[in-house]
Amino acid sequence: MPPVFGVLFDGLAYGMLLFLLSVGLSVTLGMMNFVNLAHCSFAMLGGYVTVTLMNAYGWPFFATLPVAFIAASLASVALERLIFRRFYNAGELEQCLLTIGVVFVSIAAAAYVYGTAIQPVQLPDYMRGSINYAGLNFAVYRIFLIGISLVITIALVFTIETTRFGAQVRAAVNNQRMARGLGINVDGLFALTFALGSGLAGLGGALAIEIVGLDPSFALTYLIYVLIVVSVGGLGSIAGSFAAAMVLGISDMAGKYYVPALGSILIYLVMMVLLMWRPSGLFGRR
Amino acid sequence: MTAATVAGPHQYMAEQMRWRWSEIAFWLATLLPFLVAPSYLVLANQVAITALFALSLDLILGFSGIVSLGHAAYFGVGAYAAGLASKWGWGEPLSGLLIAALAAGLLGYVTSFVIARFRHLALIMITLGLGLLLQEAANSASWLTGGFDGLQGIHTWSIFGEFHFDLYGYTAYGYSLSVLFLIFLIARRLIYSPFGLALRGIRENGQRMPAIGAATREHIRTIYTIAAIIAGVAGALLAETTETVSLEVLGFQRSADVLVMLILGGTGRLYGGLIGAAVYMVARDQFSGLNPQYWYFWIGLLLIAVVMILPNGILGGLSLLARRLKVPS
Amino acid sequence: MSENALAARGVNKSFGSLVVAADVEINLPQGVRYALIGPNGAGKTTLINLMTGMLRPDAGHIFLGDEDITALPPEQRVWRGLVRTFQINSLFPHLTALESVTLAVCERRRVARTWWRPLTAYRSEVDEAYEILSSLMLAPVSHRLTRELAYGQQRLLEIALALATRPKVLLLDEPAAGVPRDESQELFTAIAGLSRDITVLFIEHDMELVFRFASRVIVMVGGRVLVEGTPQEIASDPHVRAVYLGKATGKADHG
């Protein structure tokens, strides 16, 4: 098999990860128009929870994943209740500044507690190594990552399309005022969606450790990629986030493999071109 | 309210524009480092340069409402333009500023066509993307930019053959301060012109502007280009007075820092960027022993506090205080 | 066609399956006062957006006098004299009333691009702005910030902004909307005082205004023009009554 398939596979895995990290932000941005730049701080939290449970308490990797999800969810609920909710009607700039402040604080806190080195993590034996197929190596962990992401994606789509909760979310994203008028408790809905989205980010952060490494700068570095996915995909759109994450993941891998001298230039260019073509995102409204 | 005592619209307009004693005091105070703290002249020079950069951001952010996360692109281009000119043999400082202004202005003009077409999140992302793109490109083009190590071989000639740049910093600070003051005067004039009013209109309600016949995109392109030129000049000042240029001049860090300074001081007041820059850089100098991570911890808390308590920054807080003091209870 | 100050021909617009304008034909002769009425969601504001260029029609043309302006961007239509006000105040919160109107005057006179001369050098622009404010009884508050003005005063400022552009055709979108009874007198006076050189189309739900000022009424429902006629004809038209009877406005029964 030509190496392009290996690149596609890696790009797919990376894209799935980006999707998990981004989908929560896209939906909450689309629903409340609240620019939460601290989204990746929750991802980072999930990552550090996993690291702590595994390295300090000897937990198995899989057991830490639900805890990462829950920890990030709870943290987001606390922040939302205490600080964020007063700024739902504030301007974009204020929301940016407020949440950047949270990011800075979270990075410093992580550096204080864990230091700035990349966190080591020991995957279980059956997760390591790779499967050799048709001349190419496919990392077992990435297969797992793609698998679990697909499961989560299907669960998300199922929830959004078939459950009452999902219908309410779609209504609130589409037209908040109308949704309130119909009696939907938009504030409560948002709090729940925010918690779920942040939880997913936390899970993504835990899963990311093996692929991209975890250190305090994660909250800022991956914020940029997440913002690219969200703005290119379109606010409030799960399909958009998925498509954009795939495009981004594959372009990034392809760029790094075929033209490493370009570095990240390719993704920034792709983002800008796509945004200029569709300012509201590929699947965005307006 | 003084509505009853104001004679008429012209007097009112003139009253808005006249020089306040606090402004004069401010500019006199900028001369203090020469007299009372000559060991801090190097820091003062950095403050002046950063203040000029913050001023340029205020023109697009504070007055026109364009949120840019990549403004350092123009600062960096100006710095590299002046630095390269010097490295390649032309170290005359004043013409170096012109070269930087041209380079940054050209980039600003070209990008302004893109900037003027977008709003909200798309605009923020595009400015971020432009900054990151330039940073990556500069990193890759290490044959030109010196890569991680930066430009080597910059030597700035003396001004008019009289004022030499040395380690003491008198010339450097005098030079930067003069440029800052001159450009400030131009900016002040711009703010109180019809164009300045149009910019505030765009900030206040961009949707309404076409409905009163405003060519909004043209206005945005003009101010964005002007702001790019000023940022480029600030970058050139850095290159010339410190004789170093490294990749961080275009970095996201620099774009973010100047944004924080402007917010700290208060947007849309011309002096906000200057005061914010002074406070931020002096504080950073005082805490320079601190691990950079911890510095950003306090900056993070400060940002949260400013947004929650003092949304208009230091100057906003001061004017609130002034109003409270004036009204007898 | 040239006796019409403004005309819309065969204008169509849809958002997906939602049809907001269907084969709309409107003619506004020079100097008239017409009213556009209809239930909420009938497409009245959409029509104004289409006429002023904030929306592009899927089909059809807009004519200003003899000129086909369908492809022109909004600010160019304003330069040619087609101006609108907004149903929900769209003002400049932190500009004073005087600054707002002066801005509109400067834009009209194309001096808003000059950045090297201070505003104090533009005496005639400021004078003109002050005069407009005075004609709408806003002179005493000209130095107040827009956000500090009473709602009725803000509504008047909306009109002041429009007047500053020297309109030939003025589209007023519910000028009296939300104005309490005790503040509406100035508004009525202002509308009555509009020069006969200006052609006016106003959207209104307040039937008192419609009967006082309009010589002709156009009724829109569901993106279409239902019927057109004098206020008396419209008030007694059974179709119009049927459309309005479900709404809680008892004021529809006039004359």
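By letter and in written order, the chains are A, B and C; residue numbering begins at 1 in each of them.
By definition in this document, a residue touches a chain if its C-beta (ideal position, glycine included) is under 8 Å from a C-beta of that chain, and two chains touch if they have at least 3 such contacts.
This is a predicted model, so every value here is computed, not measured.
If you take chain A and chain C together, the chains in touch with both are B. Overall, the chain located most centrally, as judged by its C-alpha mean against the mean of all protein C-alpha atoms, is B. Chain geometry summary: the mean Cα position of chain A and that of chain C are 46 Å apart. Rounded to whole angstrom units, the spacing between the C-alpha centres of chain A and chain B is 34.
We define each chain's centre as the mean of its Cα atoms; on that basis chain B and chain C are separated by 41 Å.
By the touch rule above, chain B contacts chain C in their complex via residues 3, 6, 8-10, 12-14, 17, 189-190, 192-198, 200-201, 204-205, 207-216, 218-219, 222, 226. Residues 61, 67, 114, 117-118, 120-122, 124-126, 128-130, 132-133, 136-137, 139-140, 256, 259, 263, 291, 293-294, 296-297, 299-304, 306-308, 311 of chain B are the ones that touch chain A when the two sit in their complex. Interface of chain A with chain B (complex): residues 29, 35, 83, 86-87, 92-94, 96-98, 100-109, 111-112, 116, 216, 224, 227-228, 231, 235, 261-265, 268-269, 271-272, 275-276, 279-280. For chain C in complex with chain B, the residues that touch the partner chain are 52, 54, 73-75, 78-79, 83-84, 86, 90-95, 98-100, 102-104, 106-108, 111-120, 122-123, 125-127, 129-130, 140-144, 161-162, 164-165.
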